[in-house]
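Next come two complexes, and both contain subunit A; in the first it sits with subunit B, in the second with subunit C.
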Partner chain A sequence: MEQIATVILDSTNAILVLMLVSLGLAIIFGLMNVINMAHGEFLMLGCYAMMELINLGVPFFMALALAPLVVAAIGLIAEELVIKRTYHRLIDTILATWGLALVLRQAMVLIYGPGSYAVSPPDVGSVVLFGEPYPVYRLIVMGISLATIIGTFAFFFGSRWGLAARAVIANRDMAACLGINTRRLDRMTFAFGSGLAGLAGAAMAPMISIDPNAGLGWVVPAFLSILVGGLGTVSGPLVGAAGVGGLDSVTAAFASPVWAQLVVFTAAILVIRVFPNGLVSRRRREA
Partner chain B sequence: MDSGGQAGGLVIEGLVAGYGGGVVLDNLSLVVAPGESVALLGRNGVGKSTLLRTIMGLNQPKRGTISFGGMRIDKREPFEIARAGLGYVPQGREIFQELTVEENLLLGNLTAANADQIYSMFPALESKRRTQGGRLSGGQQQQLAIGRALMGKPKLLLLDEPSEGIQPSVVSEISATLLRIIRDSGMSLVLVEQNIEMALSLADRVDFFDSGRIVASHKVEALRANPVLIEEHMSL
Partner chain C sequence: MMKLSSASIMGIAALLFFCALPAVVSSWVAADFGIYFVYAVFAVSLAFLWGHAGLLSLGHAVYFGIGAYAMSVVTLGMIPGLPGVRSMWLGLLAAVVLSGCAAALVGAFFFGGRRPLKGAFLGIVTLALAVVIERLAINSSFLGGMNGLMSVPPITLGLNGDGPEVTDTTVLYYLMLAILVAVILLMLKVEGSRFGKSLASVRENELRAATLGHDAARLKNRAFTLSGALAGLSGALFVAQFGFASPSLIGFALSADVLIWVALGGRNHVISAALGAITVRYLESRLSGAIGAAWPLFLGGLFILSVMLFPKGAFGEAIAWIDTFRKNRRAASGSEPPAA
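Let's turn to the complex of A and B:
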């Protein structure tokens, strides 16, 4: 019983963080038609930003708030230097962002070396949940992720900026013809999406080993989440992330990480075979 | 710019545009003075919609210039052109199907407090304000597309085949509303139409379009006095 409770809590943690990563990826694709192969690297930058800020003496939770902003700023620069030159050419966005990923990874190798680093979790102790001690920091990460997801939704469905963003997702040309500054929206979108990945990286920094490849393990599940959940909605990637993240961590806990990968990929292929447009868009069409 | 400055309205000179290697607009020139309403008539596929898309910056001209209010707009982004005072109602209306009527209207002007002025012009929209745009009838969708463009208080409205697929009673209702808006606001209009009655009721001048350029231009009074002119140009 205790073990099951811990697995459920850990799975929830993994799902919520994966949701953050997938959401950033999906927003960038939905608004900009850019398939961002460097998304995992922005997560990795979030880890390093966290580590640097803590080394500079910034208190842990302030570093956690600042690291996503640092990553968003790097995203803004990348958008200006690379991404904006690939608009309207989907395949080129894949190549360009893949190149960007290589550059970012190698930059970290040059600056910090290929070895791995660790960040100590903040001293917030643990609580007893379902008869087992559970680290409070993991609960905080869940809370931050959930709040960020809710905040993103509130922004998308409750603000004029969000309305403009939804219009661009639905019909970019028409939105532009109404005077919506698609250029600025693109910049903000890429920075925001990168920031979400950066937040995920910063929050996970104390729980994972920080190295230049730290983001690799997240990109594939994030892409799978989007494919399974469906494109063109904000909720699709969340549903996908719940499925992919949940299945992955539960299988990893009861079997092994290798089995988890097999099970997740098989399930994803089956879902995409049955629902080619993803779970969410399929449901909406039938309604 | 010389003529652009003095006209203040829309000035197009020597415009060549098309898709890929093909030329759709061939050395086209057109002037629309402030407050003037011009209808573009011509058979299908002669480039009328391409002209409107090119004016809005959705299609890049190969040659020639487009100015509005004395400012060159042919190298600008669509959002900059819209902000310069051009409103665009495309063929097929292109309303945001999954957004509500009110959201569609607010997209025409994101800083507007509400869309009440449009509801007073098109009362049919007010009772549907919470309805998804895609669930409206064709006539209501057209009113919505026009209302959305009017939210930005354009100085020039580009209207592409507003009567397409709409029942005649609604067409005349839309015409009457537009005529009132044009008179009240002093807005210019460029109307692409197949419906000759609608074109004549709204325009001051009719330009006949063929093979990517304007081949004749007549005042509406002249066309009303001599309808044979219309037949001549439309059956070219």
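Let's turn to the complex of A and C:
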């Protein structure tokens, strides 16, 4: 019983973080039609930013708030230098961001070396849940993820910016005709999406080993999540991430972590094949 | 006189260069080029699939890896139940057939049905598939797990792994160059055939091609199968020279590499893709000594620049440049009407 409770808590944690990563990816994809293969690297940058800020003496939770901003700023630069030159060429966005991923990874190797670093978690202790001690920091990560996801939703469906963003998702040219500055929106979108990845990285930093390849394992699950869930809706990626993340942690807990990725990827490929528009789909015009 | 396309002119010039090269470089460098030519065959398989058929495979190393492992298993005498069999010829056959069959299965699964996967979706799913296959290879004790299969024998001409061994670097160099040329000629023939032209029509506009009576799913599946078999051949030839098959040949890393070679060289011609593979590998071996860890940074930066500034790739742009030059000259001499 206690074991099951721990598995459920750990799964929830994994799902919420994956949701955060997938949401950033899906917003960039949906709004800008850019497939960002470097999304995992922005997560990795979040880890390094966290580490640097803590080494500079910034208190942990202050660093956690600042690290996503640092990553968003890097995203803004990347958008200006690279991404904006590949608009309207969907396949080329894959290639350009793939190159960007290579550059970011290798830049970290050159700056910090190929070795791994660790960030010590804040001293918040643990709490007894369902008869088992559970680290409070993990609960905090869940809370931050959940709050950010809800915040993003509120922003999308409750603000003028969100309205403009949804207009661009629905029909970019028409939105531009109606006076929405799509260029500025693109810039903010990419910064926001990479900031979400950076936040996920910063929050995960004390739980994983920080190395230049830390982001590699994220980009494929995040893409599978948004394809399983479906594009064109904001809730699709969340459903997909729940499926992918949940299946992954349950398989890892009850079978073995080695087979978890196999099972999840295979299942995701099957789902994408059977439902090419995703589980939560809205009719979308053929491009 | 038969008129040559600009791509063929570049190909012939490159062929003359590579024929003369062993006279001026050490046998050590020549041995490296033997492997680069095999990588070029791999690049040709992806360029055909991506440039000509319009199908982006982000996990193409799967078929290269299947070829490499099939060749290793056969020539190491590891076929279950047949311990005496270690024929290089059977290994080549197994590599081509198995990788072709794997590609045919994947193709049938992805392209069949009412709603086939296409474009970027196809790319991401093939990438996920490559990660899955890499995991399987790492966890397979039969295939040596993380360590892979070591001391794979070199190319032997006898029927069952006996007979003369081909280890002389100059002979290997010319043998691999000949195979590369043969593969390029074959693929040019395929691209110019009825099948190749139908495939190009599907790439340009699938709906229109299907409406005109082309079976798009079948055409795409055949292209995928052919490309997979070719990648398998290159994997087999690679492992026979390199002597070592590991999970890194089957997964993410090599898939990313071949994509970069093809994009940098030029995806629209098999010749420019082959030259891209050879050039990048050569520069990598020369520069990684000089600039060390900065090489991947340099390659990534170059790749980004190429996508932004010359999307046809370095050799693809050169071919386009030769094209324009010839058209202008012909127009100037008045022998032909100027190009529109």
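Everything that follows uses one rule, which is that the second predicted complex is superposed on the first by the 281 of 287 C-alpha atoms of A that agree within 3 Å, B and C clash if a C-alpha of one lies under 4 Å from a C-alpha of the other, contacts with A are read in each partner's own complex, and residues count from 1 in each chain.
The rule is short, and it goes like this: a contact is a pair of C-beta atoms (placed from the backbone, for glycine too) under 8 Å apart; a residue touches a chain by one contact, two chains touch by 3 or more.
Just so we're clear, the structure is a prediction, and the values are computed from it rather than from any experiment.
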- request: Could you tell me whether subunit B and subunit C fit or clash when both sit on subunit A in the superposition?
  value: fit
- prompt: Counting only touches as set out at the top, which of subunit B and subunit C does A:89 meet: first, second, both, neither?
  reply: second
Task: Kindly classify A:272 by the partners it touches after superposition: subunit B alone (first), subunit C alone (second), both, or neither?
output: second
Field: First (subunit B), second (subunit C), both or neither touched by A:220
entry: second
Query: Once the shared chain is lined up, is A:140 touching subunit B (first), subunit C (second), both, or neither of them?
result: neither
Query: Counting only touches as set out at the top, which of subunit B and subunit C does A:98 meet: first, second, both, neither?
result: second
Message: With both complexes overlaid on chain A, does A:170 touch subunit B (first), subunit C (second), both or neither?
response: first
Message: Between subunit B and subunit C, what opening angle does the Cα centre of subunit A see in the overlaid model, nearest 10 degrees?
response: 90
- prompt: Which partner, subunit B or subunit C, is in contact with more residues of subunit A?
  reply: C
- prompt: Is A:182 contacted by the first partner subunit B, the second partner subunit C, both or neither?
  reply: first
Query: Touch check for A:160: first (subunit B), second (subunit C), both, or neither?
result: first
Message: Let me test your reading of the model: by the given contact rule, A:107 touches which partner, first (subunit B), second (subunit C), both or neither?
response: second
Field: After superposition on chain A, the shortest CA separation from subunit B to subunit C (Å)
entry: 10
Message: Under the contact rule defined above, give the subunit A residues that sit at the interface with subunit B and also at the interface with subunit C.
response: none
Message: Using the touch definition from the top, list the residues of subunit B that touch subunit A in their complex.
response: 56-58, 77-79, 81-83, 88, 90, 94, 96-99, 103, 106-111, 148-149, 152
Query: What residues of subunit C sit close enough to touch subunit A in their complex?
result: 56, 58, 109-110, 115, 117, 119-121, 123-125, 127-129, 131-132, 135-136, 139, 252, 256, 259-260, 263, 293-294, 296-297, 299-301, 303-304, 307-308, 311
Field: Complex interface listing, subunit A residues touching subunit C
entry: 35, 82, 85-86, 89-92, 94-96, 98-103, 105-107, 109-110, 216, 220, 223-224, 227, 258, 261-262, 265-266, 268-269, 272-273, 276
Field: Residues of subunit A touching subunit B in the complex
entry: 160, 163-164, 166-167, 170-171, 173-183
